[in-house]
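Labels A, B, C and D are assigned to the chains in the order they are written; within every chain, residues are numbered from 1.
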Amino acid sequence: MAKVKSLAELKAMREKLSNNLDIREKSNDPDSLVQIKVAMATCGIAAGAKQVMEHMMEKADELKLSIVFTQTGCMGYCHAEPTIEVKCPGKDPIVFGHVDNTRADEILTKYVMNNEMVEGVIPVNYETIG
Amino acid sequence: MHVLVCGGTGCQASASAQIIENFQRILAEKGLQDEVQVVRTGCFGFCEKGPIVKIMPDNTFYTQVKPEDVEKIINEHIIKGRKVTDLLYLDPENKEHVSDSKHMGFYRKQLRIALRNCGFINPENIDECISRGGYEALGKCLTEMTPQQVIDEVTKSGLRGRGGAGFPTGVKWGLCAKNKCDEMYVICNADEGDPGAFMDRSIMEGDPHSIVEAMAICGYAIGASHGLVYIRAEYPLAIHRLQIAIAQAREYGLLGDDILGSGFNFDIELRYGAGAFVCGEETALIHSMEGKRGEPTLKPPFPAVSGYMAKPSNVNNVETFANVPIIITKGADWFASIGSEKSKGTKVFALAGQINNVGLIEVPMGTTLRDIIYEIGGGIKGGRQFKAVQTGGPSGGCLTEKHLDTAIDYESLAAAGSMMGSGGMVVMDETSCMPAIAKFYLEFTCEESCGKCSPCRIGNKRMLEILTKITRGEGTMDDLQELRNLAAVIKDTALCGLGQTSPNPVLSTLDNFWDEYVEHVVDKKCRAGVCKKLMSYEIDKEKCIGCGKCAKNCPGDAISKTDYIAPGHKLPSMVIDSTKCIKCGACIAGCKFGAISVK
Amino acid sequence: MAVIKLSESKINFIKNVCKEHGNKAGEVINVLHKVQGEYGYLPAEIQELVAKELGIPVSRVYGIVSFYSFFTMTPKGEHPISVCLGTACYVRGAEKVLDELKRQLGIGVGEVTPDGKFSLNCLRCVGACGLAPVIEVGEKVYGRMTPDRVKDVLAEYK
Amino acid sequence: MINVTIDNKQIQVPEGTTILKAARMAGIHIPTLCYFELAGMKFENKPGGCRVCVVEVVKDFNGRPRRNLAPACATDCVEGMEVLTHSARVINARRTVVELILSDHPTDCLTCAKSGNCELQSLAQYLGIRDIPFKGEQSHYRQDMSPSIVRDMDKCVMCRRCENMCNNVQTVGALSAINRGFSAVVAPAFEQDLVDSPCVMCGQCVQVCPVGALTEVDDTRNVMAAINNPKKTVIVNTAPATRVALGEEFGMPAGTIVTGQMTAALRRLGFDYVFDTDFAADLTIMEEGTELLGRIKRYMEGDKSVRLPILTSCCPGWVNFFEHNFPDMLDVPSTAKSPMQMFGAVAKNYWAEKMGIKREDLVVVSIMPCLAKKYESKRKEFYKDGNPDIDYVLTTRELARLIKQFNLNLKDMPSEDYDDPLGESTGAAVIFGATGGVIEAATRTAYEVFTGKPLPKIDFTELRGIEGIRDAWVDFDGTPIHIGIAHGLSNARKLLERVREGKEQFHAIEVMACPGGCVGGAGQPYHHGNSEIIKKRTEAIYREDAGKPIRKSHENPSIKKIYEEYFGEPCGHKSHELLHTHYFDKSEHVEISED
């Protein structure tokens, strides 16, 4: 990676990166690309977020789902760890709490594949400055 | 169509299970079970108005739904498409029914500035950070602003130290910048020691780049090229992510020499704390980084004059730094528009204790405790009675019902006998005994006192001993007086912030829960049932059927048969020998007849 | 002549760590972190060698080791148990969990079971307040602990 | 200059003056406990820990009152500051703080070695404390008794003076604050005994301890038992620095010379013979001076194996220090024993033989300004058949206590002379008691021996002074000799490191462990930080020298006689046997073990 040499370059980079992320999300196969973020802060991990993420990745492979998994920091819902955010194309992201392997399977097979609601939805309760 | 029924503890307690059952039954009766799906969700965080039912996709939000309301919702809303107005949320301000959750006050209570990227980006990927505008503030400072302008901007924003004391950040930077020197340090205090606080940890785990960026900005502003993060060794994940962030920033040239072609050099190293709460005090922290015992020294000299390695140093807390980049990009005026008159912006709290929605929250300064506890926190666990909320950790105090409508900021919390502290907020219900809570905090302070000054080393120990006496029922009214005197002298004479604030939990509980202390001392009673020495277990001989299970469970052979057979029972009732009872509670746990109680 | 007796591997490891830190006195805490990370504890001989390598009195090293709660001079058990006594855990009953652990293990805080299997310690806040009360066994965190669960948790390691 | 108002008194003080110092300038007494300053010796202890000196700042730099009380010792005055040192708030706080300290302090003043000299005791009196309202746990530690120092940490008030002294002034590093909170205390690593630590027994920690936590080992009972034993012949020798300090214990001004009265008092105590360590000091000069000249000659003749500079070895604290810290340089110091050990060797061999007293029936007592001397007397190499050359060492303070117990007042004593022959000494021997004195005495003799000419001037004032490290070139009739002097072990360390790194070359270096040399020794009357006292003692030492009829060691008739009768020549066979010693490596070594 070459070093960023100026603010202009940084701004151009931001454009490109957010476009890239967008493209990655929307281009070639807009219907099947799903993004899942797993809250991986200490308390998420303590509650088993890692295992759940691994499990979901395996399960997604098994189900031949193309899903982008990313880890992220604390979403703030410590009472409901592990928490994950699922963003299906064209829809608002939904946060699920208390996700264990069983519920993870459910989220994949019901919500992601068939758009059926599953238990454990947490409403987003804050506004973020972006 | 989806019917979401809150399955959180609070709502469950108020019959959400029955509501779900009713929905399923009535929908099935009407043959709608395939069209309408009933889902039990996690807590909506709005337990005060529970049980909550949400109809998707139109996002209608019904509050305080009773099982008998279900039929009406199905008939009116699901079948006829008409909202059931009287079940809609009533906006307390304009008394209008609000149906859409996005427009409800509750959801606007939280505002994430410091946590803006937490839970949003992958903290281990700098690209995601940059795509969210990361490092642009640094770029702006380096290319468009002079160091003085940066300081002025931060000063103008009204940002104050989030570590607890609330010193204006811009002013602090300005003081340090005055002492220009070839070797200066920017220090990030990430030694979050308050038990029950995890804001800083979450920020470092979720958005480490904002800390890296802010430290570089600070370095530019004050003229330092060295950054040091003093971080708790107990936070391995935060350490790991910070290390990654620093390495990535170096790789991108956002740390190192000649950052963004500006000629400004800055780099960051990590230093590890080793478990000493007092190292949150900036002089102690500096000594610890120098490889010494973390003992504070008197200020002045302030670190801005003589800090790390006797060089001018600026110490800020993680959350303080996390606010800096966005102040630069969005402007001081924008930041200053949020919050209360003297406290600008937001504050992150680690909401914990006997509350439904334990979690990390960020609210504008000036939000009331009531909003935080009941609306964001979802109220008290198990529907029990609120008793107190502790802010500021071992340096803070316990606030009560009467403080719930206080708009929280640095001044109001201090005026109420507590303090902002780093942001621990622990909610307590009637099962917490306040003298025992004061004792808990003092135990902590005693354990964490560095031992350098006599008021803290010996004074806190003596206060703890008096509190121990009180919780054992051996206290006297004179002891209560002595506690107050001692607390006042320790506050007045201790060397550092830890010692000076250590009496706060005692003073605030004495002020707000005097009756409870008097009960312990005079009546030898602990109403919360926490102080074992003050408890006695008794068997109601009328309720006891004489099954003897309690006697079997008792590890101390304290329970035996009496001669008395209660009317309607066949076996003689049992009795507890209080001299043998160790108050373990095994008898109560085993009694199915509710015959045993704690007095 | 005072003698510091240590195995060759330990001597080499410690000397290397000190060297990595430039044998600088100011690095003593970082060095101790690494050495304790390797051996689990910091017995007197190790502190003496660290002091010698960094050119500082061993009293200063001990002054540091005895100051910071993270450092310990007693070896930990095979499965070190840490009970969080942060406020959130405390108000949710961590003390009862601790009492039960003490009872079942038959040891006090800071002690190791005679078979060397478990050691018991307290710490202040692991930052998992959402799961309070919390205990750690080795690296694994057990949330929402109750005295009843203690037996099952211990059984996992027996 | 800045203007401050203390207790309504307006004064001007230089910038950087603390409230405490400003108050002292204004004649206002603020009580202190942890604060300690040895002016001119670069030692100031102000951790701001005890909080006894707290004062109320009613007007701070910003025109507003300060929220908390401020420690006067560590708070600088600022322009316009207004301070109250004795307001009701201050007195209540001060009193409570002292009550708290007392609540964790044994109240065994009746039997405490520090009683009467204890700063905490004085404070309690000053504040009129009659009861300790706080009852609670008290700290308990194992008592540690080394040959020199008793550590009773139950009495420690965490003033940190000892720690500061041990680490910064002496760079010995035996003591550190350990643990934290209520358990915090000052101790050697792992709370091991001092004898197992790098402690050099200089005892400066004892000299500065405000309470009875650190005191000297008391040998007065043993000495009285020996005197009471009719079978024993008990003789005593008195070190140079004791005669200029003992008077202070009897209310005489610092720097009063009490040599004759001390001798008389010692006779009244029942010592059979009263001798002078100064005699042995002259002997030391003969041996050490000869050794120095020998090395210089060999060096000038081209022998590159010779170790220069020669280091003096009279100070047992210093000997311990280089054994611990400079094991690679053990062959550098002079092998000459200290004057005291030379005295012991001469007394128990030459003199005992001459008097027909059996070694085991002869008890040799030393009166020393020093605590390390107690340790030195117990070194195994100074024993013969289980019997030590020096049986007991009493400090100046212990001697004062004995004299008082005998209902004697030094002021009323007649002036008496030492006994012969081990009582005759020169001015060169007396100056051993001050920093630079040993090397000046050696120079006086070495010059005349080396050049064969009489000294043009006897006072080498260039070797005197109070600077921590000094050096001077002395012209030995055309041969320039470079002499270094250090007192205080941090200075010794600095100088030695310079030598070790080859940055500077010396022919001879004198080192004294204690600030000011033996006059500032740990066994001397407590100076409580008043460095004027040390200066006065030093001046007295040089006055005593100037008043002596003979001022060069080699001119001492008794010394000449002992060489004729017994030793033959300096550094000869017999003197090697009795007057020289060797050193041990006490540093830490790493050894590979199994496992």
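Quick note on the criterion: contacts are C-beta pairs under 8 Å (C-beta built on N, C-alpha and C of every residue); 3 or more make two chains touch, one makes a residue touch a chain.
Since the structure is predicted, the reported quantities are computational estimates derived from the model, not experimental observations.
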### Query
Quick one: which chains contact chain B and chain D both?
C
### Query
So which chain is farthest from chain D, going by the mean of the CA atoms in each chain?
A
### Task
Compute the distance, rounded to whole Å, between the mean C-alpha positions of chain A and chain C.
36
## Note on the structure
So, in whole Å, the Cα centroid of chain B is separated from that of chain C by 26
### Query
Where the centres are mean C-alpha positions, what is the separation of chain A from chain D, in Å?
73
### Query
Considering chain D alone, which of its residues make contact with at least two other chains?
177, 179-180
### Summary
Within chain C, the set of residues that touch 2 or more other chains is 60, 63, 67, 126-130
### Summary
Multi-partner residues in chain A (2 or more other chains touched) are 42-43, 45, 77-80
### Query
Which chains touch, pair by pair?
A-B, A-C, B-C, B-D, C-D
### Message
For a test of understanding, state which residues of chain B touch chain C in their complex under the given definition.
### Response
192-198, 201-202, 233-235, 271-277, 288-294, 309, 350, 352-354, 358-359, 390, 393, 424, 426, 428, 432, 437, 440-441, 444, 447, 450
### Query
Quick one: in the complex, what on chain A touches chain C?
42-43, 45-47, 77-81
## Note on the structure
chain D residues touching chain C in their complex are 167, 172-180, 187-190, 196-198, 584-595
## Note on the structure
The answer for chain C against chain A in the complex is residues 126-131, 134, 141, 143
### Message
So in the complex, the part of chain D that touches chain B is made up of which residues?
### Response
47-51, 54, 68-69, 71, 74-76, 89, 92-93, 96-97, 100-101, 103-104, 133-134, 136-137, 157-158, 177, 179-184
